[in-house]
Amino acid sequence: MNELLEVDGLVVDYGRARALDGADLRVAAGRTVGVVGESGSGKSTLGAAIGRLLPRQARVEAGEVRVGGERMLDLRPAELRRLRRGRLGFVFQDPIASLDPTMRVGRQLRLVLGRRGDVAAHLARVGLDAARVASAYPHQLSGGMAQRVAIALAMAASPELLVADEPTASLDAQVREKVLDVVFALAAEAGTSIVWLSHDLPAVARRCDRVAVMYGGRVVESGPAAAVLGAPAHPYTAALAGSAPAAAAPGVRLRPVPGRPPVLTGPSPGCAFEPRCPFAEERCAVERPAPVRVGEQDALCHRAADLVGELEVVA
Amino acid sequence: MKKLRLDPLSLAGLACLLLLVLLALGSLVDAAGDPDAIVGPRLRPPGPGWWLGTDNLGRSVLPRVMEGVGTTLLLSSAAVLVTAALSAGFGVLAGYRGGYLNELIMRVVEVLYSFPAIVLAVLVAAVAGPGQLAALASIVLVTIPLMTRLVRAAAVAVAGRDYVTAAVISGARLPRVLGRHVLPNVAGTIAVQGTYALSVGISVEGGLSFLGFGVQPPQASLGVLIRQGGTYMMAAPWLIIGPGAVLVLAILSINVFGDGLRDRFEPRETRSLV
Amino acid sequence: MILELDDVTVSFTTGPPLRRRRLDAVRGVSLAVAEGETLGVVGESGSGKTTTSRVALGLRRPTSGTVLFDGRPFPRRRRDLAGRIQAVLQHPHWSLNPRMRVGQSVAEPLAVLGRPAGSLVAEALEQVGLGAGFAERYPHELSGGQRQRVSIARALITRPSFVVLDEAVSALDVSVQAQILNLLKDLQAEFRFSALFISHDLGAVRYVADRIAVMRDGEIVETAAAAAFHTAPEHPYSRQLLESL
Amino acid sequence: MRLLLWWAGRALSSAVTLLGISVLIFAALRLMPGGFAETILGPFATPEQKAELAARYGLDQSVLAQYGHWLAAVGTGDFGTSMISRQPVAAELAARLPVTARLTLLAVAAAVLAGVPLGVVTAVRARPGGGGGAGRLLSGLGVSVPEFALGSLVVFVVSRYGLQTTGYLLPAAVLSIFAISATARTTRDAVLGVLVEQHITAAVARGETPWFIVRHHILRNAAGPVLTLTATITAYLLGGALIVEYLFNLPGVGSYVVQAVGRRDYAVVQAGVLLAAAVFIVMNVLVDLLVGLVDPRLGRRA
Amino acid sequence: MRNRLACGVAAVLTATVTSACGGGTAAAPGTPGGADATGPPGYLALADGKLPAGGALTFAVHIDSGAATGLDPQLADVATSWQLMSLVYETLVTVGPDFAPKPALAESWETPDPKTYVFHLRKGVAFSNGREMTADDVVGSLKRLLAAKSVWRGQLGPVEKVAKVDAGTVKVTLARPYTPFLAALANVPAAVLPMKEIAAGSLDPAKEMLGTGPFKVQDHRQDVSWSFVRNEHYWDKGKPAADSLSVTIAPEEAARVAAVQNGSAALASLGNVDSAAMLAGAADVKVATQATTDFYYLMLNSRNPKFADPRVRQAVNMALDRKQIAEVALGGQGRPTGVTPAGLPGACDPAALPSATGGGAAKAKELLAQAGAAGLSFTLTIYATEPAPAVAQVIQQNLQQAGVTVRIEQMDEASWAGKVYGKAPAPFDSALSWFAGYADPGMVTTWWNPDVAGFNQGFMRADKDLNALIARAGETPAGPERDKALAEVCAKVDTDSQMVPLVTRPATIAYRADAVSPSLYATEGYGNLLRLVADARVKRG
């Protein structure tokens, strides 16, 4: 059991809509994993499921989540809280909303740290002017500052696993990098594993050890960051990397992915990407792909082996 | 249009309400007899000829309860329609235009809001003379402040949406913007608040008639019947049980239905603290 | 020039009475859009992009400076410009009136002008890559990308000479964004309208714009041809934006 | 300084509202059919008697002049004289105020002490799809039974068994049912609203206990709407108190004012309604202030 | 006089009573068993004189006295005011259970001729401030009443002169004979006031009450309560039996019922004719229905074109079923009456009136057709206090039989009064109200002469013949000849049908037999339920 986090075949429904359709993810202790996907791909649901933080409308239909070997879905409330307190940390997308708006920052930290904790030190650790920030209310902070506070709160107990759901999506580019610096530095220092949920494949690839790409509620490809970005094994990964305007060379027309992302209301009969996939065959529509090892990556694609080499051209 | 799918409880509320409407419609054709006719001895318990008993004048209670439901529902829903129309107009205008118009409308609303409902209703009844018109006007004045506020808030939100801006950019004039874009999109709020206003209306009508300022006998309304039944509670409990139960049922089913409607129009997640 | 902003400043006042503070949303902004040209404006939140867009659309009068549309100041009555300026705005979720069928939404700018829609709606929907059959649908039956296509159809149905695209693709998934950007390029090639393309995403701006203005803290720090932003823009802030791509 | 300005602004706008209300009551009273003379002097009164009465209370002047005099007098704390009791209205109201105040305060206290916990508990336990049919039905029932119906029932049951109806417990209880239910509903809504906020998820994710989260993160955040409701409810209860006062024969302000309407005792109605409105406005100002204290985001608004 | 609707109605309800067995002329002492719903002749109940005196009485009534004229008894025109004032003020004479004049502040009187009354004042009468009552107080009070703009002034008759004969004797001279004089003198507005204090300005009778009666006011909170304590200077030693009396004002019937049931009030006036049935199960609670001479009447506005034709009015009158009104609307506790109140000695027989013998609904239809008013429809304007709405609804049903459609318009008392009495000509079709019937059958007939009544000029046309008949009945001395004169008045009023007498109005009183032993007349003429309160005994333990 050297894996810190194991998600196996997780299926989650919201009412009739299917958010996760059998997602698998593994994170080893001390590693940083970027989970990339577009909206609706299920990455936020996956993030919430890791901490068993799903809203009540969500139903776990199948699968399992283990953190440090403990089966999250079966834990009793008190054990769950103990585990969250000791081993998990969460950072969310909207930094200001993730702080209690009615409470000064210092007091919020004090509540988390307990009477003996050093509020000033924890604020200083995330690069904040403790004296000024501690007495401020969240709405008086900038987004970047608030996110640092949220990070301080999440990292206060030096968790084993930090789940960061688009922590910088609402921040400006310059601030973004600095906040990420703080997160990764603190994690490295504490030996914390990171699961970073993002829609930005290049950004994730730059910082993480490994990348997992989600589509249609499944992790369709995972592997070392450089490999996934450099030599995608799944046609979707390749298309995603290729369609970003930022990647386009001057004067070259973009090659968009045709069609639209899937909306699932039950298990996908085949590969969810099939309708948009230029390489799709008949079986892709009717047969759910099983994981295939291609190079250093695991991919959910019937044709992954055939396509080695072809996809690189796209990127 | 999304299909209006409601939870079982709300459906039960709706069914209940429809039943009451049916009852009220029955009274239009005197399905259970003339509500004013003296049909038997005074204060008889339920029996053949008077299935819910007779009242202090020897009239059958059943047709009176039916007439009462009809009067109360008709009055309250007419009042709510008026409220909805006025609130929609003022709320949308105040919410979309803002500025001094907004200030003026909201100040008037605040003035109305500051009156305790029943005191306001009593004043109206005293001015208009007691009766249906007074009850109607009272319900309107009592329900209008809250609805206008909420419609305004909804209109403020809608006013900021892109399709409204796009229409303005296209050169659409105010009536078109309000009529085609703002109003239809605050309709949900109006519908939800309308149901709550309906239950408030029924309650106000009852209270007002109870104090003698509302619907006047011999016309029956739920308030009138409860008022009459109240004095006979000891000797002839059947006089109050019928109208009382119907009143509570009406308000309850409307509220429950309103809750369902709101959950539909403004669905919200629930989260566990565990 | 279809649109000229000359030394435009827009100020807001905030705070309680007697202690109002003046805040410049944009300061001394000058820019011009030529016929058939696409000007990109890039900047982060709070940089003044949105205010600039509202000024360009005539929705907001500048505190100082001049705005000329087609060589003349904005008319007092918005109707006089009806059909000549259109916009595609940011939120796909709110870009279409949920109570109107797609066809009605697309036809609305014509209705405002009192022109008959005829077959124009169907044509417009075909042009943006949706079938004419979409006219009967309601917005909630559409995906985000489809809704932005409808918005574009609505904007172009009056054949405007100028279109403002305010964060028109920002909320779309990456895999769909490219479809819309290509569509915009194609339509512009076909209909020759001028455009102001506003986004926080330098990649998207660079892809569709002929020239790019970079905004920061309410001012334009650099304006240059799009090509410059593939290699080395002048201003250090522009370079920073480029690096973070 | 900012606070001072805020108060000044509120005072000014409250004054404007009260002025509007006074105009409204004044107009309403003068529009009422049936004159004070027929009512107070009876049908046997001669025209001279009527004229004398009108002159005594200044009712022979133009409405505008009456309003002016009344306003000027109110400015000095003189609310006029009751035509029925011939006592200064201020004194009469002062004598009745404690009854209504006690009723209302008891009901408000019940609403807060019972309604808030109920609302919090039902919200925290809420299930998707409206949740808690029983709770919803119960709270629905609470706001569905009008005071006059419930009050009649209570008076009946109590008197049937020869129990004492004197004292404030029963009438306050009748009044409280609605207040408790309404507070519970609002609290539930407010808490549900807070529950989906990200900072609550963040707290849950940190492994805090539900009680801890409720205590530290939910109560303050949900306080805004609940406090606002308390002001509204107070106004509502003033009205409800009237019916309860009638039923239980408590000499409060509400029944007094309604009787005065019936008798066209103008000064009493004017003062009574103005008092109710003033209470409501003061409550609102206090609530705004409180909300500002509990929730710093809202305290900042201009 | 009393008809004041709003308050009037209330008035009726008040109540209580008692009589002790003492009062000289009053009933035989010691009815065993004390209070009972069936007392000796003339009484509903008689207080048990064997019970010890003392204790506190608590009553609940439905309305307070409240008038612009304040507490001045001479200006009081409402029965509710009368009964409260009668606790403090007394008159020269009073009425017995049989409506015969009885000595009060006058120990005896002589009538040397039909126009002269000589009163011998009782000795040892003092006001509650201790000052002895003098002949000057009596003369001053009567002169003040005659000079006042009081309604009662008209009922007192053609008084020409009031003079003091000596310290213990007062003489009143009338211009013409006036049979109801003593009856009129027996009501509260003719009370003896402390004229010395009033003249000196130390007492404003509008604000304070100071009289010779059994009680004095300790405290009054308008519309909330009265509290009275015994007048230590009261001339009738041993009265009042109770030490104190507190009267709670409870407008809501349910509150009064509850008060009696839980014992917080020993006695309450009730408005509901079915109270007895409703309180049947309550231990120790007795319900007594007191007949009164008050009666309901229907106003048919003859200045309104609809009712200008007397045939139309007669038809309506004829279609009325007074028996059904009494049975259904009043629970069988009222009785049909002509303009002379049924129940008073000398009143006419309502069954003999033209409307009663005319042929009912069928004849009414015919009459309407003749008058060209077939399919008549009109509005009946009433006020909300029960049982007026019930009476109106039975009227509606009655007239339906004759093909007449009645729309009932019910309003609050103030609006009703404004509509009925506020303007001339009055803007209503028809209206319902009631008159107090007083203690002499001729008194209330006065109101059928609009020139005297005044208040009904807006809807009633004077009839010279009727006026002459009324005057004659007033002057004729009691006896068969007067009865005949009164019967003529009845018939004329019935034919004229402008104000149509209907049924008498019962008063209901509930009391706790374990808490109080009251005295109550079987029939009351002035709506004064507190008349015998000085006799009431408190039961304790």
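A, B, C, D and E label the chains in the order they appear, each numbered from 1.
By definition in this document, a residue touches a chain if its C-beta (ideal position, glycine included) is under 8 Å from a C-beta of that chain, and two chains touch if they have at least 3 such contacts.
Protein identities per chain, from UniProt: A = Oligopeptide/dipeptide ABC transporter ATP-binding protein; B, D = Peptide/nickel transport system permease protein; C = ABC-type glutathione transport system ATPase component; E = Peptide/nickel transport system substrate-binding protein.
Note that the coordinates shown come from a computational prediction; the quantities given were computed from them, not determined experimentally.
Without chain B, the other chains remain one piece by contact. Using mean Cα coordinates as chain centres, the one most removed from chain B is A.
Greatest Cα centroid separation from chain C: this falls to E.
Contact count check for B-D and A-B (C-beta pairs in contact): higher for B-D. Chain A and chain D have centres, each the mean of its CA atoms, that are 52 Å apart. Put simply, the C-alpha centre of chain D and that of chain E have 41 angstrom between them. The geometric centre of chain B is 46 Å away from that of chain C, both derived from CA atoms. Averaged Cα coordinates give chain A a centre that lies 91 Å from the centre of chain E. Within chain B, the positions touching two or more other chains are listed as 126, 129, 230, 233-234, 269-272, 274. Chain D has residues 32-33, 126-128, 152, 156, 160, 196, 201, 204, 246, 262 in contact with two or more other chains. Chain E makes touch with chain D in their complex at residues 1, 3-7, 60, 66-70, 77-78, 149, 151, 206-207, 221-225, 248, 250-252, 254-259, 261-264, 281-283, 411-422, 453-455. Residues of chain B that touch chain D in their complex: 7, 9-10, 107-108, 110-111, 113-120, 122-124, 126-127, 129, 199, 203, 206-207, 210-211, 223, 226-227, 230, 233-234, 240, 244, 247-248, 251-252, 255-256, 259-260, 263, 268-274. For chain A in complex with chain B, the touching residues are 55-57, 77, 80-81.
Listing the residues of chain B that touch chain E in their complex gives 36-38, 42-43, 56-58, 125-126, 129-131, 212-213, 216-218, 230-235. Of all the residues in chain B, the ones that touch chain A in their complex are 269-272, 274.
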